[in-house]
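Single-structure report; data block below.
Chain nomenclature is as follows: A, B and C, assigned in order of appearance, with residue numbering initiated at 1 for each chain independently.
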Amino acid sequence: MSAETKTPVKKERRSAGEVLKRMTRHQLFIPVAALVLLVLFNLIADPSFFAVSLKQNSLGNPVLSGNIISVLDNASELVLLAIGMTLVTASSGGQDISVGAAMAIAGSVIIRLVCGGQVSVDTMQTSLILAVLAGILVSMIFGAFNGVLVAYFKIQPMVATLILFTAGRSIAAWINNNQLPIVNDQVFKYAGTFIPGIPVPTPVFITIFVIVLFWLALRFTNLGLYTQSVGINANASRLNGLDPKMIKLLTYVILGACVAVAGFIRVSRSGSINYSRIAENIEMDAILAVALGGNALGGGKFNIYGSILGAYVIQFLTTTLYKYNVPSTALPAYKAVVIILLVVLSAPVVREKMSHIGKSSKRAKEVA
Amino acid sequence: MKKILALVLALAMVLSLGAIAFADGDLITVGVINNDPNESGYRTANDAAMRAMFCEENGYDATFYNNNDAAQQIATAQQMIQDEVDYLLLSPASTTGWDTVLQDAQAAGTQVILFDRMLEADESMYVAAVVSDMPAEGETAVTWLADQGLDEYNIIHIQGHMGSDAQVGRTGALDAKVEAEDNWNYVTQQTADWNEETARTIVQSVIDSGDSFNVIYAENNGMARGAVAALDANGITHGKDGDVIVIGFDSDVWAMQAVLDGEWNYMGLCNPMQADKVDQIIKDLEAGTQPAEKVIYSDEPGFDCETITEEDVATYGTGVQEEAPAEEAPADDAAAEEAAE
Amino acid sequence: MQEGAVLQLRGISKFFPGVKALQNVDFTLRAGEVHALMGENGAGKSTLIKCLTGVYPKDEGEIYMEGHEGPVTIRSPQDAQNIGISTVYQEITLCPNLTVAENMYIGRTKGSLTRWKQMNKGAGKILQELGIPASPGQQLSSCSIAVQQMVAIARAVDMECKVLILDEPTSSLDESEVAKLFKLMRDLKARGVGIIFVTHFLDQVYEISDRITVLRDGQLVGEYVIEDMPRVRLVSKMLGKELGDISDIKKASDKAADMSSVPVLETEQLASAAGIKPFDFSIHKGEVNGFTGLLGSGRSECVRAIFGADRVTGGTVKMNGESVKIRKPLDAMKCGVGYLPEDRKVDGIIGELSVRDNIILALQVMKGFFKPFSRAQAEAFADEYIKKLEIKTASSDTPINSLSGGNQQKCIVARWLLTDPVYLILDEPTRGIDVGTKTEIQKLVLQLAGEGKSVTFISSETDEMLNTCSRLIVMRDRKVVGELKGADLNQDMIMSTIAGGDNK
């Protein structure tokens, strides 16, 4: 019946202005535009930025190397966090600021199990899979802790997660008896570096895997519909048979799992952990990625791919700034300027104005 | 919000301190104010050593406070003075802002001994200072580097947290040398904030850009390790007979091991073990002897991969050694347990 | 400018992407008249008001104002106020935690100092003049909604407005409050203020208005003097078609309900945390019944208890004679109960989600987390009901909050029809929506009953209840006080039962 009821789509020729307007209205406009700008800037300033070369690492394995590879590699943790953060933002209208500290906890759990309580090991004491699963489990429990505070005690997400933000790194240190263990087993480092024979950094694969997982989850479950419903109107959702508290809690638990995977990649990169430095300030970048993706930080509708793009934009920007040797002390300032620009551009007010420009250019054409 | 929370925690801590102060009369009461032990391996070792030394078995009734925020440290110090501790052992998070604390201490008859870090005050305001000489550490390292006689020095300089004592000291010597010599150049000079992961990305970025370099001067061992990870990932050789000279600082045993194994070239020692010396000063003071010198610098040699010995690693390395089972390092083990509590 | 006119709009047009919201609309307001602006939801009333008050820029046309040479430009609500156009919206836009006087003067004291004494005196004078039962020093939130609305009007009047726009001011007022508001409007009229009155209530239009302008689909239908315009004609003008005869359908449905059978749903001493007294209730197959009573009498709370929307504190529910446990809405849904809540905005729509998602939501939730409908299936469902209920929307992808109130309500109705409930509760389904849709919904209710479904219908408009329900449960003070059916179903009986005429 759908065939008959559908009204025939009118094929109208769209003017340039209208196309521009459609583009600027699209949620992914800002992250895509930012990415395009960064790419253009680097193409013009120094095309060698995009050079990728095949090298051999110190273990004799072939590896790809280049700025683009670095961006894809180093953005991995941020992408994972941005995915979870998007869901949390959508359902609860707030952000989890404890993700950095929670990564420290997850990493610490994994390292502790792998080291079996020793300070330095050459071979892993526990099966890696078991250790990672334990890390994920613990991290999900901490996610649930945040989620319960937010959903059931109705504490503002930022305030609720402030608890773990403050205490998380101490908990991480406590898990390992305040030691800073080192894992020298190369297998442990596969996840954070390269698997022998595969020249692409493993974090890239892990990230793609997680993205596909979420793509499947959004397609084959009602995760998207439920979180958005709850985030937009919890009352109405409840009257439609949803359990808003449960769904909010669920998003925090999912974020917990994302955090654990990110934490695993991070500790796997070096085979060590530094509780107060690991993933420092990453929560701010994760929140920024969500915002850059065109998602309202007040919750409701979301586009997970926007956040993913946002995360890559942030990493691309960081890498570009490193490449141009921006003085270390000035680096955060440069980043801030670019970020302010991007965020202002993505503000609804500015977008409205931009679509007006599109409209007036259309008018001008009609007059002419 | 974070500050309020910190304040509440500090208050709770201070109240518990008050309770402890009444505990014992015969012991020497000391208040120890230190930085966050999780900051780095160096700090972990330093904190553990202090905790191991200042315990009841050694005749002390000690209370410990760790925070990287100077304001919190100052508040706690004042509380400790009010609780009439005999000695205030202080590793200040910032070099300024301590005038009132020092005056109050003097008025209350509390003796102040600085350890690990200096502060800006007249020498008369404290009894002694057992500290690392950061500029000297930098100087030693740069001198060593100059002795390597390279034709050209293309340096990746990875700095610590900007403005910190260690960063300023270790950067100073290198900056001066690069300024003075034509064949010394910075390929990049970036802060990694003591963060290993950031250091790795900085070096990876230089490699990606195709710039050539032959020296990595990282201001602590963690960042040096991050840098080395980037080198390894790109198959660039380093250390003894390698293409790139790797320099780190502090005292971690794994870093010294890396120097011994020839993976790194040099580690500038920053000795975290001031506890013995502080203990000795207190014992002397109790016996009526003033320390001979106000400022006592720790013995801080640099270790070269050509000359380092197993013994050096055993003597100066902190953190548990790789092969050493826990029983063979009782001091460290006890320290770890103490810290865990 | 026409003789005696204070405001004249000529050829106003406004376009939104894909929609011509207003096309070449003229409107004239004379001094000292109440001019009703009528039309279905989506006819363009609100858009016209927003163009006039500078909320939206108009795309074409001119606005003339008495005392101004040539067309005036209004770019913001501030501009509108400055030339003497004041607006009082349906939702109170004052600050509840300030005093009455502060609310009247906020944002318009000159200079940086506030002269409190003078302000309170001035406010007191106006309140007294207009007969508004509030004192200047009283906190606004302590006044009733009606008084708050009046304070908003007083504020507008004090700004020496020539044109006062009242946008659905009566929808949250009870009858006595409406009477007070009308008295105030008459006073203002006598002072020569021109009032534009936007409302859905026909009775009120005929009670207070002098003239009516009707809009339909963004176009002007005409301007009429109230005396020349019988109700039936007005309604057909608004709809653009003749009304079907509802009472005929009703007679048919009366027969459909078999009252001797086992009730579809039966409650015994049901009580909820919302504070209603335990009540008994039953409904049979094919029956339409309703809860009636004044606002706050507990009629919504009763149906919420049945649906499990409020926490149930006691009593039993039986469906088809078998006892069921309904602890939460999902339980009720699984038993085949649907519930259209009273407050569409707060409890009904999921604002930013598409019409499609809003329609399939309830059925989707019943189906389960791991079994989402395919896009095609969801689209088919949405299209089916968009067609069936004639929902006016650009596509099923349009966010529901960009639809007019009536069409939003139809989406919610569609949501529940899609779940194919055996028992459907409609709590105020016709509130705040246009006459045409109201009639359609009433017809739909009867049609559903004809198909053998049971419906509970609640409305503040007794007429609607009488049109549709074969049995009415009367409530007073959160208690069921009577049940009316058959010959007793008339306005007088309802009134006397609500008032407590049957009490000794």
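As a working rule, a contact is a pair of C-beta atoms (placed from the backbone, for glycine too) under 8 Å apart; a residue touches a chain by one contact, two chains touch by 3 or more.
As the structure is a computational prediction, the values presented were derived from the model and not from experiment.
Ranked by separation of Cα centres from subunit C, the top chain is B. When chain centres are taken as C-alpha averages, the shortest distance to the whole-protein C-alpha average belongs to A.
With centres defined as mean CA coordinates, subunit C is found 43 Å away from subunit A. Per-chain Cα centroids separate subunit A from subunit B by 34 Å. Rounded to whole angstrom, the centroid-to-centroid distance between subunit B and subunit C, based on C-alpha atoms, equals 70 Å. Across the assembly, subunit B contributes no residue that touches 2 or more other chains.
The touching residues of subunit A, counted against subunit C in their complex, run 1-2, 5-6, 219-223, 225-226, 228-229, 232-233, 235-243, 300-301. Against subunit A, the residues of subunit B that register as touching in their complex are 1-2, 5-6, 36-41, 44, 48, 159, 162, 188-191, 193-197, 200-202, 204-210, 222, 225-226, 229, 231-237, 254, 319-320, 322, 336-337, 339-340. If you check the complex, the residues on subunit A that touch subunit B are 48-49, 51, 55-60, 63, 65-67, 69-70, 74, 119-120, 159, 162, 165-166, 169-170, 173-174, 177-180, 182, 193-194, 266, 269-270, 272, 274-280, 318-319, 322-323, 325, 327-329, 331.
The residues of subunit C lying in touch with subunit A in their complex are 307, 309, 328-330, 333, 339, 341, 346-353, 357, 361-362, 364-366, 368-372, 376, 379-380, 383-384, 387, 415.
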